[in-house]
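So, here come the structures, one by one.
Across the two complexes that follow, chain A remains constant while its partner is chain B and subsequently chain C.
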Partner chain A sequence: MGGSLLKPVILIGIVYTILKFVVPNIPGSAPLPASLIFLYLMLTTSGIVIFATLSGESKDAFWGPIQRFLTGENIGSLQVLRYGVLLLFPLIVGWQTYNSTATSDAPPAENRTIHPAPPGEYTGLSNPVAKTPDTIQQGKGFYAAFCSPCHGGNFDGKGPAARGFNPPPANFSDPTTIAMLQESYLFWRIKKGGVGLPIEGMPWKSAMPRWEVELPDEWIWKIIMGEYDGAHQSPRTWE
Partner chain B sequence: MKHGLSKIATGVVAGVLLAMGFLVAEPVAAQEGIAVRAPMVKGSLPADDPNAAVWASAIPATFPMSPQVHWPNRILEATVRDLSVRALHDGTNVAILLEYTDPSEDPDDAAAIEFMVGDKKAHFAHGQPMAQVEGGPVNIWYWKNKDAKGVDMNAKGFGTLSVQPHQDVKAKGAYANGTWKVVFTRPLTTGHPEEDTQITTGGFINIAFAVWDGKKDASGELKEKGSQKAVSSWWYFRAEAPPDYSGYYYAALAVGLALGFQFILIRKLKKGQSA
Partner chain C sequence: MQQQGGWIQRFLQAVKGQGGMLSGLLWAVGLLSLPALAFGADVAPAAATEYRDIPYIGSRNLVWVVAQLHLLLAGFVLGVPIFAWLCEVVAWKTGEKRYDKLAKEFTKLLTSAYATTALFGGILLFLLISFYPKLMNYLTDIFFPSFIVYCLLFLVETATLYLYWYGWDAMQDGGKKKFHIFLGFMLNFFAFFIMIVPNSWATFQASPVVLAEGSDLARAWAATWNPTWWPVNIHRLIANVVLGGYICGAYAGIRYLSARNAEERDHYDWMGYVGNFIGVFGLLPLPFAGYWLMREIYQYNQQMGITLMGGFLSWLFILQAMLIGVLFLGSNYDFWLGITYRIPGSELKYRKPMLSMLIILLLCLGVWMTPHSLVASLEEARKMGGTHHPLLGVFGVMSAKMTVSNLMILVTFMSFIMYWRAGKEETAGWAKAAKAVMSSLLVLAGIAVVVLGVWGYFVPAIVRINYFSTSQVLIVLFVMLTITPLTALLLKSAKTTTEMVWGKMPPRAGYALVLNAIMVILLMTLMGYARSSSRVHWHVYGVLRDSSQYAFSPALGYAAAIMALNTFVFCMIVAFIFWVATMSDKAKAPHS
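So, the complex of A and B:
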């Protein structure tokens, strides 16, 4: 009889496990906020209750054991557990209430999009500079002069001037920066700088200079070649 | 009978564990970035005294500084690498204490605090224009050793720095043992919301810093001047609100309601059973 109560609980447990631990590990997905998990579990629970109470018989099978447990008639040693539940329930309600009314003590969460979409005119451009040992070398020279104070002589984002900047200068040897990007995208980012980002990139925080005011386009294309070569990465191409 | 009960027990235990899971899963707010927190103090603020004992009631926040290499004229190395910041408020005025090491006291030693103004975001480098976001101005509070006063300024882009017609900021520096301590004070709110940052208690606002080492090199040129300085990024500042205990009252009320609900429910169930 009580088995009809065990199944729903197991079901909810499984749903919770999936939402909490499996979904975040699916590539391209992110951890679900607790409020969303809660909502899904509430939906699952109400589904179970509706299903269990559809017929008079299943209704009794579902509520009967709960009723017996709550009233504490003839449950013997489970009495202790019953008191525990009766004590815990108000405490949980109180705790949740406290959490939902307490003002946040943390600075605003910062969900900065690191690679927002570039403006249309910067998609699909190809590097007009011929790739030769010479042009790569020139690019590395420009990189050393203009970029290394922040992005580092080793292309690791740890230049001598990097420490104060938040967000930090990109680490080009990390596979999640330029290796994921096309040359065209880099051209946009270098030319327009941090202030060229759309709102989701939080342009007001970026120290990345707007190089179009200081460097000709041809130098920027050479720097891009030098940067990939130096960081031992290659640009993402059309798949 | 016994069999059914043990099953109930399993179910209830699982249910309680699940409920506790919710508690644990409550989002623990990510502590991203650092913030200067200004506690509220009773009595007057130590506006003229960077060494006053009351500063100990504020927890210092330390910010890394970079030589300004973001726009020309750049500087590849700056003297100050870390800045420690404390703040206090008394409900009317705010006092912010900057503290940093500088091997020599020079007349041109200087420091500044920067804020955004109003609701518009502003780029940390002098509120320079952004391509896809309409930015606002920045409010800059500036102090220079030889001037011995605070200067209230605005900028909206490079080359637009201007001194306000109305000056609300006071500043006082004290140098000892290779350390500068500089206190800036201002009313929390002013009558000029278009130019001045307005500080309301409890809310986070953006804050950034700059420091100039006014030392001269062998040829008599200033090492750091103008855009050649140590800078920080945007961080956060908050004037703490007076303590608020309403969360506890609401929680107590909720506990009472839950107890009452349980009591009535069980009574009803018992009546139903005996009937």
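So, the complex of A and C:
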């Protein structure tokens, strides 16, 4: 077998090792889901095929051994391995088919919509409370009382009750959460809570309370101001 | 009917004697009307029909397929004249006759493609009137004046097309050629308006504006100037150029693969290069136009913006990333194969830069395709602390996507420059300095794009959208607008060290060209679904609700099947058009 074929195999092995064992051990990281690892490996394989077929020589060096192996042309002792592949290939296909169709008690993969679109009546709202140091401070106070047990005193989603929830409470200090949204979106989510999520957000898994039954709107708007200020983020605006 | 007629006659004869012809007629009419009275007793007064349906296929599916095919054909019919006219101008300016031949070859397609597009447009109109009378009444009431303008535009466009095509050979010399080029320009000018008038109808459905009382013209004008009209106009115009270019490439690819002699191989290899070049030329600014459109949508309505970018349609953009990624890879692959096979001896010199560019493209594509919310099993999600990965989750938002798309544009531009310069040796005294400036510009631009992308996470969204993303786009455009003329100047005095050899590309180059065209068509069908689905259960967003049985958004898997069907049917139609248009040429061509 040519060295040109060995290099890609080693490269795929290295990429897999990095994704599976190195990335999860970076401080603050976590294991990658299989879907993402598969995606990155597919990209790596595509890159290998593209590069290997850029010239006639490299193409022959890459495909030649595969072609010779599959056709059994001058492969000597590898003939046994070739018959092994012939037997193994249908077995692998059968195993994969069984795996994907057999009944299992494992829950299906998560693919719910985290940020469903808000109802029309909430889209045009703007915060009616004047943004002053006092109102922000009041908002932070309300936040500490009602939100911090789950979303954390540091606005990082790590409140004392957070560990009891799956999915975990949102981390507001993450620049990819509330910083991407308008204030009116937060107003809707706080007011209506998990039970107010639309069909699009199924399966409903949010434990967020429906705060409209306990808090007046003005308090909710102040909490929103306090959240953004405390998490050092700004809401999405168009001005 | 004959039996019934006989019965009426016998009845009339019977009553003739009793009361005359007139009374007999009245009796007959009365008797014939009895069933109508019986039916009318239950439903009077009859309500206006709002929807109609057809069995098995469903009205929505049929309209979906016909509308998408009409749009793809329209893109082709509007893209090809741009392509042909550009080639004709190049031929006129440089004196290279092969460009003129290419332009003519593609203009020949226009007459049959134009008729097919109009045919699908007519079918679509009948289907819309039949299936959605309420919606069509509403839109007609608003856009009636622009319907008239649209008809007039068609008249002048058709006349111009006939003059342009049938006058090709007669207008080849001197002033006549200039007039022919002017005709080509007018063809594109009218075509542009033919595109933007119906765009106003479709964009009004997505982003309607408040219409004050006034004349018909004033209301139509106000509805036309809706917030997404111009972003869609620009986006579609560029996309049509891309479609025209890549379809030319695919046609050349197929003809190259089936070429019967060296001359044909040379010609179609060259045509494939031109098609790929024009496709890439359009592809580079396309993401900017798309970004602008999405920004306008989000600003127009948060609900629609979130439905598209964060809601149930957000997975669609991962598919989009994959298709665009394949398109970028395919286009670069064609340039790289061109360097290797058309410029003998260049392979070793450029292999390392190609590898670097490939790695950058794949890394960028990896980031672009990383979703914000990952598909994970319960156990995997638990380990990650949710469906957002704590480290790679940052790739899932616009700052990252915008950064990598800009980098991919830069890399593709570099590929083109590399191809342009391959096989030539610069002789100008300032060549070294120019190359240093160009390299520094590229490196600095790349760094600036990445810095702005990372910084974008730490500033308010409006700063990122209005300033950082815009700056990224301007930096990339600046690089392209600086390096292109500089390279052209540099190559003006350059010595050709290796002559370009046409017709030596491997078969995979032809397949890559076909793949590119399929990717563009799939992309257009995907975006058609996105545009339509973003309105959710509204015919006219927030104004006219869809109350039919189809007032739901089809799932992405189902939509993907329809997209694939549309892509396949469109490819078959285009293949048929090519076959019909080139039938006589093939019959005339000598067999070798």
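Following the convention adopted for this analysis, the second predicted complex is superposed on the first by the 129 of 239 C-alpha atoms of A that agree within 3 Å, B and C clash if a C-alpha of one lies under 4 Å from a C-alpha of the other, contacts with A are read in each partner's own complex, and residues count from 1 in each chain.
FYI, a contact is a pair of C-beta atoms (placed from the backbone, for glycine too) under 8 Å apart; a residue touches a chain by one contact, two chains touch by 3 or more.
Note that the coordinates shown come from a computational prediction; the quantities given were computed from them, not determined experimentally.
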Which of chain B and chain C A:N166 touches, first, second, both or neither: both
Touched partner set for A:A109, first chain B, second chain C, both or neither: both
Greater chain A contact set [chain C / chain B]: B
Which superposed partner A:G76 touches (first chain B, second chain C, both, neither): first
First, second, both or neither for A:E214, with chain B first and chain C second: first
Which superposed partner A:A34 touches (first chain B, second chain C, both, neither): both
Touching partner for A:F21 - first (chain B), second (chain C), both, neither: neither
Residues of chain A that lie at the interface with chain B and also at the interface with chain C: 33-35, 106-107, 109-110, 166
Contact set on chain A toward chain B in their complex: 1-3, 5-6, 9-10, 12-13, 16, 20, 33-35, 37-38, 65-71, 73-76, 78, 81, 84-86, 88-99, 101-110, 149-150, 160-166, 192, 194-199, 202-205, 207, 209, 214
Chain A - residues contacting chain C, complex: 23, 26, 28-36, 39-40, 43-44, 46-47, 50-51, 53-56, 59, 106-107, 109-120, 123, 166-168, 174-176, 179-180, 182, 184-185, 200, 234-239
Chain B to chain A touching residues, read off their complex: 1, 3-16, 18-19, 21-23, 25-27, 29-33, 35, 63-67, 69-72, 74, 76-77, 81, 116, 121-125, 128-133, 135, 202, 204, 230-236, 238, 241, 244, 246-248, 250-259, 262, 265-266, 269-270, 272-273
Chain A partner contacts - residues on chain C that touch it in the complex: 299, 301-304, 306-307, 310-312, 314-315, 329, 333, 336-337, 340-341, 347, 351, 354-355, 358-359, 362, 365-366, 369-370, 372-378, 380-394, 396-398, 457-462, 506, 508, 536, 542
